[in-house]
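Next come two complexes built around subunit A: one with subunit B, the other with subunit C.
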Partner chain A sequence: MAEEFLLSDDFLRQLMSVGEVDLLVGIPSHNNAATIGRVVETIEQTFQRGFPRERVVIINVDGGSTDGTSDILKNAAVQRSSGSRGLTSLRTERRIVTRYGSAPSSGIAFRTLLAAADLLRAKACAVISPDASNLTEAWVGHLLEPIYKQNFDFVAPLYCRHKYDGLLARNLLYPMGRAVFGKRLREFHASDLGFSGRLASHCLNQDAWRESPVEAAPETWMAVTSLASDFRCCQSFLGPKAQSTTASATDIVAVVRQIVGALFWSLESQESVWIGRVGSEPIPTFGPDHELESNGMRVNRERIFELFRSGVSELSPILKSILAADTEAEIQRVAAQDEQNFRFDHALWTRTLCDFAAAYHHSVLNRDHVVQALVPLYRGRIYSFLSQHQDSSADEIEADSEKLCLEFERQKPYLVEKWKVRSEVKP
Partner chain B sequence: MRETIIQGMTQAYENLVHMVADFLPRFVVMFAIILVGLLLAFLLRYFLRLVLHPTRLDRISEEAGASHVLRRAALPPMTELLSRALFWVTLLGFVLLGISVLGIAELQEQISRLFQLLPQLFVAILVLFVGVLAANFLSRAALLATVNAGYRSPRLWSIAIRSAILILAISMALEQVGLARQTVVAAFSIVFGAVMFALALAFGLGGKDLARQTLERYLGDKKEKEKEVEPSPL
Partner chain C sequence: MADRSPTLWYKDAVIYQLHVRAFCDSNNDGIGDFPGLMQKLNYLQGLGINALWLMPFFPSPLRDDGYDIADYTSVHKNYGNLEEFKAFLVAAHERGIKIVIELVLNHTSDQHVWFQEARSSRDNPKRDWYVWSDTDDRYKDARIIFLDTEMSNWAWDPVSKSYYWHRFFSHQPDLNYDNPAVFEAMWGVMKFWCDIGVDGFRLDAVPYLVERDGTNCENLPETHAIIREFRKRLSEEYPDKMLLAEANQWPADVSAYFGNGDEFHMAFHFPLMPRIFMAVQLEDRKPIVEILEQTPQIPENCQWCIFLRNHDELTLEMVTDVERDYMYDEYAKDKSMRLNLGIRRRLAPMMDNDRRRIQLLNVLLMSMPGTPIIYYGDEIGMGDNIYLGDRNGVRTPMQWSGGWNSGFSAADPEKLYSPLISNPVYGYQAINVDAQTRSPHSLLNWMKRLIEVRKSSRVFSRGTIEFLMPSNHRVLAYVRRLESEKILVVNNLSSSAQAVELDLQAHKGNIPIEMSGRNLFPRIGDMPYLLTLGPYESYGFRLRRL
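Our next item is the complex of A and B:
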């Protein structure tokens, strides 16, 4: 373990003054002054009501905020709730703040939290997003309790979402992750999650931290590591997730690069684990495993389709070097369809992703370029999803997602075949 | 008369014998040097392959697009290419060394020139190769970035970047070998100036609409735009 290279002296001093803890909640932040005060108050209230006798600590790992985020966190008032039990008034509330640099980095922030969890011998840990504007006491409790009271090692969140939110998870991360690793974990990438001290130490001791996909999306890597290493995983329903604000084109590209890159990289690093797994099995779930709402949200579908079509046309030589010939021909065929009849069906989408994962593995191009080339096709798939489910109910969407998952499981041998044998290089 | 002829022939014969006696050992030495060079070249190629195979050089070269360039030029993979290059450079060096042992003045002068040119040639090829790699990588990065951001004419950006880098690399390589130095500098200046002038003209004449759209995007009715979003991936 290399925390002496990672943690500042001041941070270590603060950790030593805390001693051992039962529960640790980490908040990685960067300019979250608007929301962090409420977040920390909610966490404190959770501790008072749900864990009155436990030794607890809140750790803020800040990536160079200039809006006083850390000060707000330190000074947020502790409201003694009337419903709190036990000797909470005698307990010292611990809040630790550390700053790791002038620019945010998920990898450094996450690793710092794991190192702190390891040093403090925390039994259960949770990471909470600092902009979780609708955070409730139940959220924090639902992430910590399965670990602290039922000995799980990893808790992934489940949210109630708008039917058009979380489409990367619904169309790519969940079906592909489920088919590959054989476990039905819905959120492979979550900004709120729970993990045991055991899993924290295990992850901390891995040599993967220098890899850029892990630095970019450590949450995804931890989810995969816990599944692949047979840690006890579960899912916990938290409630409605604050609807994401405008996702600009750049955001989508950045998200796909980070998270899909991390998933593809994880496939490679865990190759020996998944290649022989067949089918999938459910994992313990607390609360409903899906909940969708469909209040009004206007989506610029024409723009998405335009970006898909121009992407397929402009990136044609790149796609030829990534995709199998028949997959590429099929994509060109569907891209030529008009908007009304356009469908990016499950089978084609699955085959496309298998080809991309294999191309990433075989490095047919620079790996980051491979992932970036997926963005227009993801947009095509999303356009198809939006068109198909404009008037669908939650159950209909769920049934369709299940079909996609089964298609991925059916086509897993194709992925394995492409993964093992590098196809002949096309000129 | 007869004696003169015999004397001349004897002299010629003696000269020939003397020349052969003088040349033959040098020739043998040349062969010996070339043979040693061949052996050494084989050994170096073997050891370089041995050293390079466990490294990720081929994968790095694949990721950087170098392998693609090599395949298009019908060349072997990077590891094999470097091994073969070392073999031939070593062998060539020993062949030239061997030839110089022959002591032919004109040849020696040419060889000496060739030896002086070799490092420059090597650097020029290296510059050209790195230039081609950088051009491929950056033009592809530009193409992906512009396509994903929804910019117009992404291929134009990509081609412009590739051309600029290739022109720069070629001019640097030619300058390195000292080939028509002044012509190259002048040609580069003219081409570069012309490209910039064309871009300035194109932007001035054709960019009015783009500027208007950009200003509208930033100063227009934001509320209206925010109503229609691309769905969040997370």
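Our next item is the complex of A and C:
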């Protein structure tokens, strides 16, 4: 049987020709022909203006595009400065492309980039979303500079978001991740991030790649790995986040399964690190910590509430096996409220997530089913948020988020107890 | 009837640049001279060069190392006299060595009798031989070239109470080429030396001959008209003499000085030179390929001159700001090394005395299109002294031996026109011709073999160049071609070993024969041709179809 390798011979040959680099920017793609050209041009402008002397490479890892994405990337025009007599950068700018299959896979794409970073001994790396239609030079620089110039290992992005955007991060990933790992990292799952060659090599050499949560959300796993280890982490403000319109981004079930599943899995793999941590501390931040805007965005709240209620009803037996009795009873009570009075408060939401995390840990059901069962409750939480903050200012929303975070930190002992208690009765 | 058609000898030349003062002192006054230089012609012939470019040796107050000329038709007494020059010229020609001398067209010394007359009175017949003004606000768009020393292109003359124009030092007033008498006087100078027998002229500072308000006073059409007239007369009366332009400009602007083959025969490719240094430091061929791809075609009877270093600072005028900063940071970390937008260091110190890098640069010099110029002393890896003023640190005495004054002069060491390089790395005890002559694997002997390879084929001197662009950007590879003859040159610009796959399909069926060892390499087939090269290694292959 022929041996399978992560890196194809052709890709390896391209890496050989590139040689050692200082900066590597990876773009995982799948049918991004509409935006990829501008993305690569912006990245090269960043190189020319911000890093003119560095050895650089752009690597596109494509998962079966059928719209010519990689060809567009390879053929995008080289940027020439008008005042330099047609001379471009000091160094040869490299763009290389590899294709790994007929369907996209976050895990394969990310792992390929880590392998490239390792082989090329890259000092600083960034992953850029291929559909970042509002990408700027500053954006790319803000991901690379903390690593290249200040020796950080992991850079999470910070965005200016609409107040109704990034709700999974605001209501679940950030408060839970902060309470568990003791570090105030806002974006646990981001399609734009930076990492050092050192961190890339570390992650590449872990056995975790066989695990489906890591395969589904490797960025989350890397964030958690960094927080749990002695890698230096920071976050860097990039700018307005363009809303993704791809099907995968709007499929809430898939998003929760992948990202929350990865978070829960990470809790398990890093148990020895977070169990004893208390409270949280800020991490170095470049630029504003957060920015919210509130231009008109239409959300179908009624539909969200309907799905919450029907989900609670249909999954009642499953919820009974996941949640603590009082948590489940409280959820049934709030599900009976009318829309105007409905509130899924911080305390209940926090307890809910703790119960789910513990249930995942103890595999009370198939783990994927545990995570999937969270989706309607998450919808309920979101409906509550949207209702409560219809007219809220950015500061008010931020203040409320802080309360949620503090609630998680207050209830961490509950999580630890649930985590441990069931493990004592685990066969 | 003798054939007076031009032989284009300059295309096949390997030029050696030297200053008479620095080469060999025969009369123990501490200064090199023509009899001393004549004694060293056998050395130069043995090196393999076939043309000498002599820096100015005319009477001069020597405030700009002889580029401030006080008498165009004589020899400075420090270097000998006209008879000794003629004897040297004959001896050089007997050894097949052509002689190219300087002709500073743009300006004279303020001690020249022409200027002394011109300044004496506004009515003097020679007044208009220079450019005068009652104010210093004309030609405002002209840049200052010697930025470190000059504040203006105008200088106040207290004698005639007016300003005079000078693009270089203030003691070098510019001649006024709007005055036909100036042209005729300089043509007379050219004829004088042609009649003595010199083979060519390096015309210093040619872009600046003419000034016009509202322009930057460089490369003006009137300047080209003057050059064309010089060339026309030269070609008619002395068809095999050569004119070499010193025009530090971008390639498109320099190529204008070739005209339609009716201006200069040769011109220095200034923008290429710093990019060779950049490419080796970056370990990336891009700077070299990019500038050569921008270089326009030139007339068939014309030729670029290429060089690594010379008597001036390594100029960084024709590079971008980013490139300049890079060159300063990499090659002139000590700010004493910087002068006038350039770097005043020799080749070997710039290469950190790395023999491999020195060799690589010389291979590029000898194999790329153009006539190569070797700066005296670089063939043995001489060092520099950045603590000497101006550019004198790269103009120290030639190092012949490890003995008294390095064999340059029998005078007391204190009497030498310049101190010798004497540190443990580059000092004359370590770096000298005698020692390197004795060692078969010295840099000197390697240079001799390289020059031999260069001269072995006119492909290098007259052929085209086609860059191969392998995906490994640390390898610079090109094919030189002249008629049916082809030479493949492959250079590793990197400090580490490299593998490279070359697309040689166009040469399928040829056998690469390595030029120094003459060993056969596998025949070129359909597949990419794989080569591996050690750090800074180069291969030259003759491609033969058998």
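Some observations on this one:
The rule is short, and it goes like this: the second predicted complex is superposed on the first by the 402 of 427 C-alpha atoms of A that agree within 3 Å, B and C clash if a C-alpha of one lies under 4 Å from a C-alpha of the other, contacts with A are read in each partner's own complex, and residues count from 1 in each chain.
Just so it is clear, a contact is a pair of C-beta atoms (placed from the backbone, for glycine too) under 8 Å apart; a residue touches a chain by one contact, two chains touch by 3 or more.
In this text, all values refer to a predicted model and were calculated from it rather than measured experimentally.
In the superposition on chain A, contact of A:S17 is made with subunit C only, not with subunit B. In the superposition on chain A, A:V253 makes contact with subunit B only, not with subunit C.
When the two complexes are superposed, the chain touching more residues of subunit A, out of subunit B and subunit C, is B. In the superposed model, A:P52 makes contact with subunit C only, not with subunit B. Once the two complexes are overlaid on the shared chain, A:E314 sits against subunit B while remaining clear of subunit C. When both complexes are overlaid on chain A, the residue A:P376 reaches subunit B alone and has no touch with subunit C.
Applying the stated contact rule after C-alpha superposition, one finds that A:G101 touches neither subunit B nor subunit C. Touching of subunit A by both subunit B and subunit C, each in its own complex, is seen for no residue at all.
Of all residues in subunit B, only 59, 62-65, 68, 71-72, 137, 140-141, 143-145, 147-150, 154-155, 226-234 touch subunit A in the complex they form.
Of all residues in subunit A, those touching subunit C in their complex are 13-14, 16-17, 19, 52-53, 84-92, 94.
Across the interface of their complex, subunit A is touched by residues 250, 278, 282, 284-287, 290-291, 294, 320, 322-323, 326, 470-474, 494, 499 of subunit C.
The residues of subunit A lying in touch with subunit B in their complex are 164-169, 189, 191, 243-244, 246-253, 255-256, 259, 297-300, 303-304, 306-307, 310-311, 314-315, 318, 321, 362-367, 369, 372-373, 375-376, 378, 382, 386, 425, 427.
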